[in-house]
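Same chain, two partners: subunit A is paired with subunit B first, then with subunit C.
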Partner chain A sequence: MAQTKTTSSPLPRGVKNAVGRLFASVPLLGFLFGFLACVLMEMAVGDQLANLLGLSKMPVLFGIVTIFKAIAGLINTLFKGAAFDPGTLVHIPMALIYFSIVYLAPITIVTRLTSRLANSLADALQQTSLLFSALVHLGLLYAILHFWGGMNDYRLIVLKLTLIAILVTLSLNIINGYMGEFSCSHPGFMAIGAYMSSMFTVGLFVDDKVLGAAKLSFSLAYLSFPLALVFGGLMAAIGALIIAIPSFKTRGDYLAIISLAFLFIIKSLFENVQALGGARGISGQPNWATLPVIFAVVVIGFWAINNFVNSTMGKALNAVRDEESAAEAMTINTRKTKMAAFMFAAFWAGMAGGLLAHVMRYINPSMFGIQKLAEVLAMVYFGGLNSVVGSIVGAVSISLLSEALRPLEILKWIVIPLLLILVMIYRPTGLIAFREFNIRRILQPRRPESKEV
Partner chain B sequence: MSFTFLMQNLVNALQWGSFYALIALGYSMVYSILMLFNFAHGDIFMVGAYIGLGVATLLLALVGTGAGAMLPGWVVLVFTILISMFLTAFVGLIVERVGYRPLREAPRASAAITGLMIGIILETSNIILMGGQRVKFPQLIESVTYNIGGVFVTNMKIMIVLVSLGLMLALHLFVTRSKWGMAMRAMAFDYVVVPLVGVPLNTIAAMTFAIGSALAAAAGILFGLAYPVLDPFMGVSLGWKAFVAAILGGRGSIMGACLAGFMLGFIEIMTVPAIQIVNRLFNLNLGSNLRDLIAYSIVLLILIFRPHGLFGEPYSAKLRL
Partner chain C sequence: MALLQVDHMTHFFSGLRAVHDFNLAIEPGEIRGLIGPNGAGKTTIFNLITGIYTPTEGKISLNGESLIGLYPHKIASRGIGRTFQDLRLWRHMTVLEHVKMARYSQLTYGLWGAFFDTALRRKEEVESEHRAMELLSLLGVDHLADQLVVNLPYGAQRRVEMARALAIEPKILFLDEPTVGMTPEELVQIMAIIRNIHQKFDLAIFMIEHRLKFVMELCEQIQCLVFGEVIADGNPDDIQNNPQVIEAYLGKDAVEA
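Take a look at the complex of A and B:
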């Protein structure tokens, strides 16, 4: 199996080389320009173009949903004998054309045309502080997401959930990737965060049947939302002590079971505490989790987690994973390290849970069960262990995939697991594992000639 | 709160625990050989129950039902259990071949993910094939209730407990007395060196999966007899709880898995009368749906104070992480 991986077929490699050459001199800034151009183009001509191509409306997720809808129709005809409109088959090439015109063409043209400009801009940015440079890039990224998500409510919710999934995956990767434990407790931390932040916001500012009338009300209440999130995160971190303390003495499978038991206990607890709505949960969260808020929280979370895993503490975490007694001999305080990792990961999971509660504006205990666990574990192991980039890749690809395959209905739950099994067989640690994230290298200008040396 | 009431719950706990014990055995056996947990096992239990349903329906159609039946119900039941165990063993073999053998050198967590995904595939295939409705398991033997000093015991309960104990005894004899059982124990001792002296690792691993799946199928049929409604997700909660039992017993310990399975069933069933007693004593109004909470809290406490389980070894040199 190892041989087949290295000698892959020549065609994809040729294509890959060609694409690599095409974009070799494009810095990240150039790609952001390209994407911005795509999004602006879609805003300007998307609807008309979709009409022209015979698509009923603008394709939501790059046309993938449209394609799978046609395929699903075909499958239904073949197996269930449902009525089939052959016209929908035309949607497949049309969606591809739409994708090429709106996304592929602008990104290629704009990145190529602006590569010189983007490189000099990146050069100029490199002379300024790293923080400023990063903020400029993030601003551009946010603009892209804002415009892209602004075109359609469905896109917006997919975008929000994907961003939250990124945060959850990053935080789970601290424990499962960097610390090498198999923690099953993450939905429990999310539940704590979701419930506690909802208690804060709904309890204080909203008239609610379960949590009573609003105790405070003023117009700038939404400014307290970060406080609610942090409160949820801190509570999750305190909850993490229940797992962190046993982890001093036990590892591996037993810790996995302790974390699983923790998950069941938390779920059962929220089901039984009638003061928190019991099995019916809490609803009516104020609509404060807007895209900018989520984007900011996720970026801060990414920054904090990346710094954490690159710090001495993060390296100590890797040492504890690889050989605990050796780490101890190297004067690493393993207890402190494990506790910090668990609490830190739980804090961000709690934040993500709080965001989720305010995006869905409805929570109940069954949202944080085994199914959620399988989902987040899939994201971590698909993307790659021990890598923040891998976490982002995993979260984005699993989220988008499960949205894109939605037209396949039940078959989706065959396709996604099969894909994961294949990834596990051919890349057991995930797609992009054990890779460090170096922000300086990513933001720097690209010059082909400097690469040749 | 009388003695009979406690006895009644004890009988129920024995029945409930035997499902856990039978499923936990499969987890534990695979663990003892390959040092990894087969997370698809709960769903293999579900598949076993559905295969049992198919076999039972087929057999009933062949021999007829009611007064005109060619064979008595218990014979049909015995054949159903045996045939389903045989068929489900093949499901286990396929799962091992597809999901676990390619990942033998991979990190253990990857195999865990594969297992979870195979479980999802099994559930989804079931929904696609069976239409996602709950189906009724045929009643193979007529239910008779005995009243033993105020404790009501159905023949079903006796049968379920006896069959489970019989299967466990058979497994015990197989593992301790047969040549293959000896190979399994040797492999559990060290799966690096033992293959060097000519014991085939792949065959033993496949055999372990097959035996575990067959036991899960038996559990599935017994479950179907006791609670005659099957649904595609029946293996999820039962499977995870049996997994907890397997760990609680000490990973890889067959005896431990059995005892911990019964113990978990006992804890779960006994929580209800315990809550009633507490309610009466302290004049509280606690709901009986605290069952999971209390059961898992006890599990958590046991694992905090005995981190290697009830019957596990404190430290294993084989532990690879």
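Take a look at the complex of A and C:
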């Protein structure tokens, strides 16, 4: 097709313009249709196609893992002298072909073909309430994720962890982006959330060596899961209060140091309290963190965080960050603002920690150490400060990247930091920084003629 | 009782006497000037009254209520608006957001509304936006509402800062050198704006200013501050002819000549 030809043009700017023109009249709904088509196509013919192309199984993450596996084989041969099967190199073009057939082609064709339909549907949805329209979009998005994740267990877990990463990144962005402080205690809040929600679920409903026999048992116990999550979140918020009181008299480096100290204290606290399993942690969490539950929590978290940062109350954080004395002089209660934001961020980190505990179904203190901190900070700074969209982009790209680069083993920890350094040089505030998320504008129909006016 | 009453205010910065026995009484609707050479302590007086520093000695009261020991945001919401000499605007915010932000203390929807986008919040945000646009058009910068302040020319930034200070609905407005770095045309415009807001809101204004012509024209009463002490207090004519003031500004030779 002519369209696919333009997308493979070697000129980056030309490609950008061509792609932009190609999709200029496609509303969000159209893209969702496109992705749904991709996913359905992969469900229908993915296995056969992979067989046909000589791939051992269906590529899990868009073929990126397959490509990097081949590259990693080559690198291992060069550095370690390991045996190398040149046949695997064929997998690279094959994975690309697979990606083009299953993802690229359907998305271009379907979005183009349905753009008129999608626009009139989006028009119709605009007539209804914003809530309904948003729910329809979310429903479609969930369907895509459900089918995509349903094809493979590994995919499902990557998807769940990515969704949780989005929530953590969003919440950390409140502090490090919107408030402009450098807080290092986020994994600590996640740990509190994870342990407290596990205490709730494992302690009450599961026979466990550490937390004792089940105190309650009834068949609808999983309905209490939101309660467990909220409990974890609230405990994390209380933890945040403890750190906020001494640290908000200081700014900048000092808060970073105090929050780092808090992280270590929390970690060693959980390591040393034998009643919570000590260094071995707690395991056997019930399998309640299913995809719909995680999706719903992340959507609600996104909604609340976006509401907060778009309100005058939330924007007061920007005022405090950019010029605190002026904020005070303009009647803003800076202490209350900072404290509320810090606790709010910790609450969602705690919720995310609770989800994580029930996805992994085991937790131990070492999961919430410096490495986790580096990961979350990377997501925030890569995606973009002061932007909810940036947080999503950062969380998704770093999560997928670190899964995709897994075959490179230790080299992964050279590639990802290198990428971060490049982003810091060329876009110091991250890929999509300082952008407001306007749900109305995103959902509205797109027509080129109306855009030109 | 005056609107703003300051009695015997003295302030030390660890041994250095910055302000000594400062007295002030501003009536509603009065425009008063504070002049003095660099380092005389003019901005310190602003910072003392607005609560950034707490005076070592003395009393400050607004409408008879003491302001000593209150947080700056409390003092501001009681009705003291201010601008800064060095334009402390928030560089990542638009013009409209600046003015809306200053209405913080008038919002009642609280954190609950902020998190869950309640009907009350939407109503208040719309009202606030409406009011902010009125102020912006009063100061002639409403066409810039969606611009980031860092992209604006200096004169427009000054106006935004003034609109922001007015958004807290002050009873008295503190202007810290409102004409710094302005061209003569901008000077004329800002003078008209100050007169306009003074009449429209029946606002008391207390300003620090270096351009004597500007102060002489606007103010009914002027104080001259040198090394933290008021050396002259009176109407523009008195101040202009006061030998001590001339000495402070131009040196001893100018007086004798």
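Observations, loosely collected:
Here is the rule we use: the second predicted complex is superposed on the first by the 441 of 453 C-alpha atoms of A that agree within 3 Å, B and C clash if a C-alpha of one lies under 4 Å from a C-alpha of the other, contacts with A are read in each partner's own complex, and residues count from 1 in each chain.
Here, contacts are C-beta pairs under 8 Å (C-beta built on N, C-alpha and C of every residue); 3 or more make two chains touch, one makes a residue touch a chain.
On a predicted model such as this, the values are computed, not experimentally measured, just so you know.
When both complexes are overlaid on chain A, the residue A:Y254 reaches subunit B alone and has no touch with subunit C. When the two structures are aligned on the shared chain, A:A326 is found in touch with subunit C, with no touch to subunit B. Look at A:L418: by the touch rule set out above, it reaches subunit B but stays clear of subunit C.
Once chain A of one complex is fitted onto chain A of the other, the partner contacts of A:G350 are absent, as it touches neither subunit B nor subunit C.
Within the superposed three-chain model, A:F308 lies in touch with subunit C and out of touch with subunit B [touch as defined at top]. In the superposed model, A:N318 lies in contact with subunit C only, and not with subunit B.
By the touch criterion defined above, A:E271 reaches subunit B but does not reach subunit C.
Residues 321 of subunit A lie in contact with subunit B in one complex and with subunit C in the other. The touching residues of subunit C, counted against subunit A in their complex, run 50, 52, 71-73, 76-77, 81-82, 84, 88-93, 97, 100-105, 107, 109-111, 113-117, 121, 125, 128, 164-165, 167-168. Of all residues in subunit A, only 303-304, 307-308, 311-316, 318-319, 321-323, 325-334, 340, 344, 386, 434 touch subunit C in the complex they form. Here subunit B touches subunit A in the complex through residues 37, 98-99, 102-103, 106-114, 116-118, 120-121, 123-125, 127-128, 132, 236, 240, 243-244, 247-248, 251, 287, 289-290, 292-293, 296-297, 299-300, 303-304, 307-309, 319, 321, going by the rule given at the top. Within the complex formed with subunit B, the subunit A residues making contact are 1, 176, 180, 182, 242, 245-246, 249-254, 256-258, 260-262, 264-265, 267-269, 271-272, 321, 370, 374, 377-378, 381, 385, 410-411, 413-414, 417-418, 420-421, 424-425, 428-429.
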